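Look at the two complexes coming up: chain A is in both, with chain B in one and chain C in the other.
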Partner chain A sequence: MSDASMLAVVKMDGELDISRRAEIRAALAIDGQPAGVLVDFAEVTYADSSAISELLRFRADLGRRGLAVALLIKSPQFKRLLEYAGVSDAFAVFDERADALTYLGSARR
Partner chain B sequence: MSSVSELRLSRVAHPSAIKSLRHAFMAFLRANDVSEDCAADIATAVGEALANAAEHAYGENLSGLVEVYARVEPEGLVVEVLDRGVFVERPRREGRGFGLRIMKAVARTVSIDHDGGTRVRMVFDARYVRSQPLEAS
Partner chain C sequence: MDSGKPASRAALTFRSFLVPVLILVLVVPILLGGGYVVSRVLRHSFNNSDARRAARTLNFTLLKDQLDEETGVRGYTSIPDARFLEPYDVARADFPGKAALLRKRLAFLDIPGTQATLDDAVAANKEWLARVAAPLLAAPRRKEASFLQFRGKALIDRFRTDSQRLDDALVARESGDNRATQDAIDNVSTLVLFAVTLIVIIAAASSVAQNRLATRLEAERRRAESEARANLELRTAFETEKRIADTLQSAFAQRPLPVVPTLSFSATYIPASDEAKVGGDWYDAVELPKGRVLFSLGDVEGHGIEAAVNMSRARQALISAALIDPDPAQVLRRVNAQLLSSGRMATAVAGYADASSYEFVYATAGHPPPLLLLPGRAPVLLECGGLPLGVIEDCAYRTRRVQAVPGAVLVLYTDGAVEHSRNVIEGEALLMQAARTALENNQRDLAASIRTEIFGRHPVGDDVAILTIGFAAGETTRMTFAADSTQGAVVSRLTGARPPDERARLGAVA
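After this line comes the complex of A and B, so read on.
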């Protein structure tokens, strides 16, 4: 991904636990300079702190590169996990893809 | 649904085993009529203790076990996650170490001891669990 007019999209599903840490890290490795990143976890049904650690690492990397990121999360468990870990405010989290895309569109203006 | 007041599970403490342990634990919670959201939260907290054991308890020893013991008692649902590995105090790393915070957010009490391994004991509110506590033995 190198076209600055395009969004990068990361999509994962299922249960994101410690056994998938390396897979999460690899999925979140974004090359180039996209206009923003949509992390589509709409079909993730469970997450643990491994996912949070990798998301925070990812966010720090994107922050250094001036890239906006939006998380699409539908699982109530995943949303509460972010609250319990005290990192809800660290991410722009959306229920609907359209809202996430609107956010990314406004973030790059 | 019939209730099951006690659960014992044991698996090799490896990341690949955590999912099946968590699913078995969720089945135990459902058998005790715990609501889906509460069961998910409790399983999340227990999953963090299991993940810690899988990640830290045994180092290169791939045959060490992690055990889960859950029991409905008058004080609530008591869950213990045990390993017999070697506890090593690790320096705080940025973006890591959320497991204990998550456990404490969900459980009423969390206690940890490192005598001959690591034992994480969590107590969850009795209102989560509708089955009757076991008689004191």
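After this line comes the complex of A and C, so read on.
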């Protein structure tokens, strides 16, 4: 997966709640023009609406820059929150890292 | 701050006691000791002075006695008449006693060498008496009289020298004593000067320290005052903001629910127990033409006045949009466009209940799913989705239609109702259980009952708003649930993916 080296990867873990909002925002600030962005939240165990809010702002920003994003999520309750937010309309959401990378690889072509 | 001040006051009191104590401890012993030493020196000096004076007098008396003896002997030798011998007799009788007295005085004065000098003088006297006076008195006209007189003169000179030497020693001692006294007095002066300087230094240092302490206390007092003032201002500002937010919140949230024959409403709003988290939850139900009742419920991101103001905007925008075109997806699209400028995210569910067709028509924007209660069925979470409002331009929302029946109830809620345990999946299960229990208990105020079922009397961390819209039950329709029905069935599983406008027909009662 040599192409993956061209991807920007954002990885966070633990509980993403309002107390970590600034941290989430900083992590999601992507500079330059990578081939795509993998947001790896596989080890996030909890997220609240402030995390959703930051993800959506991030998505709006990347949309303007024409970047492909894949979101890797495993926590069931986080997924459920994303369903509330209709985030599947805005993000490609994946359970498996390999699928996410495949998606980013194909999105680039 | 308050705990520091009394301690400093104690320090002030302590220091005010410190000065007299220091003076007592340092200065008084110096003065007492100095006074004792001086008085001893002076007393010693006075005693010595008496002894010296007496010794000098005795010394002169002895010299006079010696000379009287010599005078008597010389007179008697030239004219041997007993009358010429008189001074000799008197002086001779007087001499030993006076010599003994002088010896005692000299012993008292303890001047080195004086005892020996006195011994020599006494010896000279004795020798003169024995070897000059006695032979001359025995034979005044003897041949060797002039030889004896020469010998006598030598002895008398010796006596005179001793006497002079004694007097010199006594005078020297006197000036020595005077010098010692002078020294003692000088020392005492120095001591007193030292003590006075010490007192002045202690007093000055203490005064400086007192001033410094007083200045510090004053500064502390001012700082405490300004802190208290700042705290008060802060609290006042906070209370004002809280009051305004509460006022806005209650004014917005407690709009009277419509009274429509075929529909029943209930609503509840619990502000967050943490005052700072009182936020932007709202609900509305407004009667529209053609037997429809608009409902909306949502949550604006953030807390406090700003959230309340944004909430008010979102809510008014919803009602205005619904009056132009009641289609829920269109309503949310318009509101999304309006809220983009605020930069605040909001989630909402909006729609209407149609009393003539027993339909619920709704759309959601980033909001938890509505809960549908149908008689004889398990509670069902309806479909949700759609991006939150105010974040992304040109969002499309989806209108969903649910066919209900008399007795059906739609429960709308904000995320506080399911996110209290930090696990929405558990939260949803608890909400469904609570709704079912509340409905079975046939509560008039369904929203409040659901709230009580979920939270009991516990305070809630986040704001919670619940709105229920129910179609009036027919005479025979009772709200009961099938005992074996599975909770948590999601409507999408029953309906599958369908075009937005296709009705999800769920209302068929067995």
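One rule holds for everything that comes next: the second predicted complex is superposed on the first by the 104 of 109 C-alpha atoms of A that agree within 3 Å, B and C clash if a C-alpha of one lies under 4 Å from a C-alpha of the other, contacts with A are read in each partner's own complex, and residues count from 1 in each chain.
The definition used in the following text is that a residue touches a chain if its C-beta (ideal position, glycine included) is under 8 Å from a C-beta of that chain, and two chains touch if they have at least 3 such contacts.
Treat the numbers as computed from the prediction; the structure is a model and nothing was measured.
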item: Which of chain B and chain C A:L104 touches, first, second, both or neither; value: neither
item: Which superposed partner A:D89 touches (first chain B, second chain C, both, neither); value: second
item: Touching partner for A:G63 - first (chain B), second (chain C), both, neither; value: second
item: Which superposed partner A:A8 touches (first chain B, second chain C, both, neither); value: neither
item: First (chain B), second (chain C), both or neither touched by A:I52; value: both
item: Partner chain(s) touched by A:S19 [first = chain B, second = chain C, both, neither]; value: first
item: First, second, both or neither for A:R80, with chain B first and chain C second; value: both
item: Intersection of chain A interface sets (partners chain B, chain C); value: 15, 46, 48-50, 52-53, 56-57, 60, 76-77, 80-81, 83-87
item: Contact set on chain A toward chain C in their complex; value: 15, 46, 48-50, 52-53, 56-57, 59-60, 63, 76-77, 80-81, 83-90
item: In the complex, chain B residues that touch chain A; value: 15-16, 18-19, 22, 37, 40-41, 44, 47-48, 51, 54-55, 95-96, 98-99, 101-102, 105-106
item: Contact set on chain C toward chain A in their complex; value: 301, 345, 347, 364-369, 384-388, 391-393, 395-396, 415, 419, 422-425, 428
item: Touching residues (chain side chain A, partner chain B) in the complex; value: 15, 17-19, 21, 46, 48-50, 52-53, 56-57, 60, 76-77, 80-81, 83-87
